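In what follows, a structure is listed as structure tokens, so that the remarks can point back to it.
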Amino acid sequence: MINKTVSTVSEALEGVQNGMTLMLGGFGLCGIPEKAIAELVRLQVTDLTCISNNAGVDTFGLGLLLQQKQVKKMIASYVGENAEFERQMLSGEMEVELIPQGTLAERARAAQAGFPAFYTPAGYGTEVAEGKEVREFNGKMHVLEQAFDADFAFIKAWKGDEAGNLIFKGTARNFNPNMCGAAKITVVEVEELVSAGSLDPNQIHVPGIFVQRIFEGKDYEKRIEQRTVRSKT
Amino acid sequence: MALDKNGIAQRIAQELKDGYYVNLGIGIPTLVANYIPKDIAVEFQSENGVLGMGPFPFEGEEDADIINAGKQTITTLKGASFFDSATSFAMIRGKHVDLTILGAMEVSQTGDIANWKIPGKMVKGMGGAMDLVASAENIIVAMMHTNRSGVSKLLKKCSLPLTGVGCVKKIITELAVMDIGPTGFILRETAPGVSIDEIIKATAGDLHIAEDVHVMSF
Amino acid sequence: MINKTVSTVSEALEGVQNGMTLMLGGFGLCGIPEKAIAELVRLQVTDLTCISNNAGVDTFGLGLLLQQKQVKKMIASYVGENAEFERQMLSGEMEVELIPQGTLAERARAAQAGFPAFYTPAGYGTEVAEGKEVREFNGKMHVLEQAFDADFAFIKAWKGDEAGNLIFKGTARNFNPNMCGAAKITVVEVEELVSAGSLDPNQIHVPGIFVQRIFEGKDYEKRIEQRTVRSKT
Amino acid sequence: MALDKNGIAQRIAQELKDGYYVNLGIGIPTLVANYIPKDIAVEFQSENGVLGMGPFPFEGEEDADIINAGKQTITTLKGASFFDSATSFAMIRGKHVDLTILGAMEVSQTGDIANWKIPGKMVKGMGGAMDLVASAENIIVAMMHTNRSGVSKLLKKCSLPLTGVGCVKKIITELAVMDIGPTGFILRETAPGVSIDEIIKATAGDLHIAEDVHVMSF
């Protein structure tokens, strides 16, 4: 068994530098790498390009990096929940590339799986296709999209073992599995780190081969963005 | 009288068929889940990675790890599953989702849709909408017929940046049910108490009146 | 819950006709749809195009269809275990298209996921690339490969529920998950069919949306091709 | 004296590094697993969908659902995982597998490899070999230096249909360890008791003798 554990978040983020391209898992505030983001804030690295479906809210998630003006460019599909984001985008302080959500997922998966490019129908005839090759297959137009090329991927899983095998919970899974192995170094934080052999090999969501470093985080906040409930009566 | 949002949702629910997997957008589409006919089985997919969505959780039972694409806490029903984003869009792009219901800022008479960007204003992003409209065989737009200033949202040609081209099949508004025909919108149904003239006035694109046009029934 | 259960294998194979293109899961004899193959033999459908990693052995798996001369064309990556296969191929009775194993998996996944085509490095500079578009990305040559287009996919899973959700066991998983939803109709046979709600939604390998019909098979033979063991002493 | 198959496997095992994920082909490469240095951790991947392969099962404990790519019954070690074929080749194509060891019928001095087809004879197919050789950064060919008729398998140019182009980095045979250099094979190590002349004679392609050529040590 190849052991991927590191003991601290700073060890996990060793090598992160200004100007790097980072991928971050999560959908909204669900399944985001809270500990890695906190460490990025502490490290004060700047000029980052962040690939993430959303940009957090003003006071949590990627919003924390935006507050510190650490992000040079954001690649996302939806960024509607963040006032500081809006300010930086409209003022031109931050570059923003908006791409379709399925394309974002697949550009990550392509990087993970060693495909340089693929054709998707999403975005044909829109701004998203501008400057890109378009091509007809089976009577339908498609856009050629490229794999991402990132330095680090920051992933949040529910459980993980020493070998880097991961299990996610509920919709906190989202982009996390697709981003594992999609960057040069994949750093995973888990709520519970267990010994190799304690997870059923049949029930691993992401095999450890896609992971370089894994550590256990404590006291996850897991903030809820839209608390919607029914009354019991 | 024009329908309210719940009325639109209720009319859209009539489009659901037994065995349909359905993706509901944010806003009016979300309300459709409240009006599923009792005698059919449908499952709701949310593109953030869940199939078999149920109602909101009871107070105190909400789980930060179980949300829908609107970031709302949800529950799941028997037979539900969770999956990653690439698999979620495989369901959408691979046409396994049978029906997509989403809102729009503008729809053109050739089925183009614009719903993600207003130049010069804050852009929130397209989320999964571009994948959904480019892939689904069956797209229903749920929206108000005109914007707050009374300007028609059913146009010859969209003025806003497009989300997708020639993809909308049906539009259901507070005034009418319309299909996209070869040369313009086709008026199929009118809301109870709404005249055809009223709908013509509210529609900037070419509008053909179907021979069998009739009042919506609920 | 949308119920996908059918009660018999003949109901499951309703609509299979001469000349159709079929995908079949399995690697060697591991994880093959035994019951569907037996029914294809019984139905005596002919002129089939079969997409499967292997072609079985003479007396089991796809070999049973070959014995009956039901296969017009075989698309596979490795066919070395089958004498009747060799005879039909060398005599020209059967057309054979050999493709790289990873390309086979991904052409299935592309069909499942709605991608018409993708670029892969596998096969560049070989017979496999003949007549196909090749293209350089990041200094490396790639071959453009297309999604499969099949009528039926026959899948074998370990457990499944009424909603069509599937769980596989061990390496019997192989191509099965990638072929689900990759054909017009996906037919799944399982060793154990359970009621909806009995499987953990977090641990589903294939969500039911990719499955049209599911049934429970009895008395699986699960033949072993190469029994390799250690002695306990 | 030339090495036997186990000797070749033993020499190849010296190429394993701590933390390597390794894919072993059928034949000699399979034997490499028997000679892993004690002080390093490696994991074996088999392209049919398992990572963390262990030894063959004890008699009576074999499971038809747990095999390797050679269709042999196997076991798994702590930290193992099972996955589908697309994920398996994502590991290979995405360069997550660090080392591929496979057999060959022919290797050219530019690193081309032929190992899947002999025209006019039964063709078994390439299996995963084309994906492996097209993707791996680090490919070692394990084979006999000559075929049964004594004809060299190390050529200027392959005569058989190719499996991959310019991909082989190192060849280990019963006679020698060779790298692929810019203008031909480079002889790095000789098997104990095998002369350089013997190796030159058995090599049809251009063979350069490394300055520091030495005898393999075990």
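Which chain is which? They are A, B, C and D, in the order written, and residues in each are numbered from 1.
We adopt the following convention: a contact is a pair of C-beta atoms (placed from the backbone, for glycine too) under 8 Å apart; a residue touches a chain by one contact, two chains touch by 3 or more.
Computed from a predicted model, the values in this text were never measured in an experiment.
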item: Number of hops, subunit B to subunit D, where each hop joins two touching chains; value: 2
item: Of A-B and A-D, whichever chain pair has more C-beta contact pairs; value: A-B
item: Whole-Å gap between the CA centroids of subunit A and subunit B; value: 28
item: Between subunit C and subunit B, distance of the C-alpha-averaged centres to the nearest whole Å; value: 36
item: Subunit A and subunit C, separation of their C-alpha mean positions in angstrom; value: 33
item: Numbers and ranges of subunit A residues touching at least 2 other chains; value: 106, 109, 113-115, 120-121, 168-170, 201-202
item: Junction residues of subunit D - those touching two or more other chains; value: 50, 82-83, 86, 89, 92-93, 135
item: Contact pairs between chains, per stated definition; value: A-B, A-C, A-D, B-C, C-D
item: Subunit C to subunit B touching residues, read off their complex; value: 1-3, 109, 111-115, 161-163, 165, 181, 195-197, 201-202, 204, 207-210
item: Interfacial residue positions of subunit D with respect to subunit A in the complex; value: 19, 21, 41-43, 45, 50-52, 76-83, 86-87, 89-97, 135
item: Contacting residues of subunit A [partner subunit C, same complex]; value: 106, 113-121, 137-138, 140, 142, 146, 167-170, 201-203
item: Interfacial residue positions of subunit D with respect to subunit C in the complex; value: 46-50, 55-74, 82-86, 88-89, 92-93, 112, 117, 122-131, 134-135, 161-166
item: Contact footprint of subunit B on subunit A as seen in their complex; value: 27-31, 53, 76-81, 86, 89-90, 96, 98-106, 108-109, 120-128, 158, 168-178, 205, 222-232
